[in-house]
Amino acid sequence: MTVIHEKLEDKNAKMRARDVSVYYGDKKAIDEVSIDISADYVTAFIGPSGCGKSTFLRCFNRMNDTIAVARVEGKIELEDEDINGPSMDVVQLRARVGMVFQKPNPFPKSIYDNIAYGPKIHGLAEKKPELDEVVQKSLTRAGLWDEVKDRLDESGTALSGGQQQRLCIARAIAVDPEVILMDEPCSALDPIATAKIEELINELSGRYAIVIVTHSMQQAARVSQRTAFFHLGKMVEYGPTSDIFTNPIEERTKDYITGRYG
Amino acid sequence: MTDTAITEPVRPTRTPEFAKRIEQRYRSERRFRALGLGAIIFSVAVLVFLLGNMLANGIGGFQRAELAVPINFAEAGLSGDAQSLSASGALQALEMQGLPDIVEFYAEQELGEAGAAEISGDAWRDVASELTQNPSLIQGENTFQLAASSDLAGGLSGEGSAEMQALAGQLASEGKLAKNWDVGFLARSDATSPQQVGIWGALKGSILTMIVTLLLAFPIGVLAALYLEEYAPKNRWTDLIEVSINNLAAVPSIIFGLLGLAVFLTIFPNLRSAPLIGGMTLALMTMPVIVISGRNAIKAVPPSIRDGALAVGASPVQVVFHHVLPLALPGMLTGTIIGMARALGETAPLLMIGMRAFVATPPDGFTSPATVLPVQIFLWSDEIDRGFVERTSAAIIVLLLFLLLMNGLAIYLRNKFEKTW
Amino acid sequence: MSEHTVKAFDEDITRLRGLIAEMGGLAEVAIQGALDALVRGDQELAAKVVEGDTKIDALETEVDKLSVRIIALRAPMADDLREVIAALKIAGVVERIGDYSKNIAKRVGSIEGRDRFEPLTLLPAMGELASEMVHDVLTAYAARDPDLAREVIATDAKVDAFYNSIFRNLVSYMVENPATISSAAQLLFVARNLERIGDHATNVAEMVHFAATGTYPPDEDR
């Protein structure tokens, strides 16, 4: 069903999805998708609107739980542990699998509190000096420290769109997750801010397993090493990004990538 | 012919008809604006008229006709020191010493028999309370301003019988009768004479009732709104509850009064007329408003904030209390204030549970008999004595000021909590 | 192949193909003309061929500009991208083929006693084959037909065989009759040019194969 390019090395898979299907009520939004996520490469999900790529992404940290009618079948493992199993708590899962959303959504609190919130609720850092360190480390890693170090008390919502999104990334990495899911993180940003986020993704890859859903094929081409093409709830083709964009195998992938879709 | 139709481009937007239509559109817009402006001007004019009328009447309500009576206690043989006068039984002690007679005697001496008759029988109490507050007055001669009877007050305003008007004119010309600012109006309670009434009893009753209403309705309303919005499953039962709450908000207030009468007064039969029962009844009425506005405020919290919190691993309770509630609070406060303002002005349900009783002393607590501002206004407006007309207006002004204060506090709180994103 | 959502993209690609086809047609005509002029000693025709080459050069410039424009404005992907890149390279190669034809035409005046040379009967056949290769490879490009491209690649061996035989032939003439050395050397260059045309057609065929399939043809075909 899915065309998978020549044997992909997946020894270091951080997360494995096997035959995952998602239903919204009676409607099947995702149809038996299997894929491996690793810290060795950035994985991009592309596809037309409504193809289910975001829905599938939200399976990895169980954000679909919040939608009453959504039902997930199949198996997703985080380091060989079933994330829907009894041994995995959803709060713990979300601390290990962070997420960045389409629209920058900093909390209407100070920049400092935005970053410190995660470590605080998980009890990772209790005292002020510890928190200070986490905040500085996260903001530095997100490339935002120099821009905001003098105004940590200002509201996170007062930042520009691109800074807000980097703040959200910093917030996600403040709890030191293993996987970061990004759901069209640049769709609301201008090209310069987009370029900064993409550079940030490049820097973060290797340390975190990153999955990015994007509408922009150029973006997928720029930031990812693996690309999966989704269409009508199915994963049509999966392979190295360079192959997908220069020489896709499936006709639907080719039509989509070359702008012939629809 | 057909050739020209094809070659000549039709420019529908440049025809005179089109220009006419545009003109028409602008005209209708101007008409609409004029109508709107007219509506606003009309409302403002009515409001100004009402407020002006109320103020003009109400100013009189804050004044009362008083007779000046010099009293020399030393001469009258009344004695006492600071200690005994500030003791709790001072009033009775003064009465035993014959203060009522002393007051009457000096009044007759100063005002003549006819004038003294128009001093209210309770005037000695005012003298006594002034003495207890300021014991040094008991030495030497001092002039006391004593409330005139309502007949004499009417005479001073040019109303009532001819003799009374003549007497009032005579006393006024001698400088013994005058309208003075009545600070005591804000400190006294209900009485039978408009010269003796005060608003404090009703105001305190209102404040106590509002406290009970707020303490009951706000937490229950907010919690109900939170549960319905965040936790309740969407099924027939929750739909039913939602419809019920919406209907409850539209139920006429007198029904709540009946409910209070039937339920609360059956459970607590001794608490008739108490602010506690009044507050509970009004809370029933206010809660649906808080629930509805609270739910809307919660719905207005962007889902992205919720997602953001969930994604860093916050539990549902943490999401609600760290993010949703703080963001929804301003909206909830607005709804609460609207509900409270409605409750503050509510009369009907309180009449049902007996808060229309004549209560001459301010309530000591939540369980003592009390009345509230709107009921007091209602009662006074029913009185026959003309002196109550001005007093009613004054009470309305106090009610409006109280309302203004409450709204001001709410706006302050809302702006303090409001956050932008 | 269905159309692009953006119609202007299709128009650009169609125009690019049109330019390549036009260049190819001109190059074919140039090869034929150069050989006709050579065989008949027709200086006038030769001059025409030389003149016609400027048209090919102009077309190459146009292809370059259009390709860059498409890449910049349309951000082509996958086979579109490969096609544009191939067109860019093919234009360069076809321009070289045009140059070779011009080169052959220029030599027309320097060959004497053309009746005595047997190779003069072989050269038109070789030219025919070379121009057929150019024709086929451009057909393959227009049709995105990797099979036809591989046939073209296979044909190159025949051209090489022609070249070898003509080479031996001319060398023996030169040995027998030193007076013909000058003319024979000219003809040797002509044969060499035709062989180069065949090689270039092979290169184009490889690009066509890449544009169509994303891979270069396997080695045994080359």
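Here the chain labels run A, B and C in written order, and each chain numbers its own residues starting at 1.
In this text, a contact is a pair of C-beta atoms (placed from the backbone, for glycine too) under 8 Å apart; a residue touches a chain by one contact, two chains touch by 3 or more.
Quick caveat, the model's predicted, so the values are computed rather than measured.
Draw the chains as dots and join the ones that touch; what shape do you get: line, ring, star, complete or other?
Contact map by chain: line.
Comparing the two chain pairs, does A-B have more C-beta contacts than A-C, or is it the other way round?
Of A-C and A-B, more C-beta pairs in contact link A-B.
Work out per-chain C-alpha centres and flag the one nearest the whole-protein C-alpha centre.
A
Please flag the chain sitting at the greatest distance from chain A, going by CA centroids.
So the chain farthest away from chain A turns out to be B.
Could you state the distance in Å from the CA-based centre of chain B to that of chain C?
Roughly 100 Å, centre to centre.
Using CA atom averages as chain centres, what separation in Å is found between chain A and chain C?
Centres of chain A and chain C (C-alpha means) sit 51 Å apart.
How many angstrom lie between the centres of chain A and chain B, each centre taken as the mean Cα position?
Between these chains, centre-to-centre, one finds 57 Å.
For the complex, give me every residue of chain B touching chain A.
Those in contact with chain A are residues 233-234, 302, 304-315, 318, 322-323, 327, 419-421.
Which of the residues in chain A end up touching chain B in this complex?
61, 63, 66, 68, 91-95, 98-101, 103, 105-108, 117-118, 121-122, 155, 157, 168, 171-172, 174-175
Along chain A, where are the residues that touch chain C in the complex?
Against chain C, the touching part of chain A is residues 217-218, 245-248, 254-255, 257-262.
Taking the complex as given, what residues does chain C use to touch chain A?
Interface residues on the chain C side: 1-6, 9, 74-82, 213-215.
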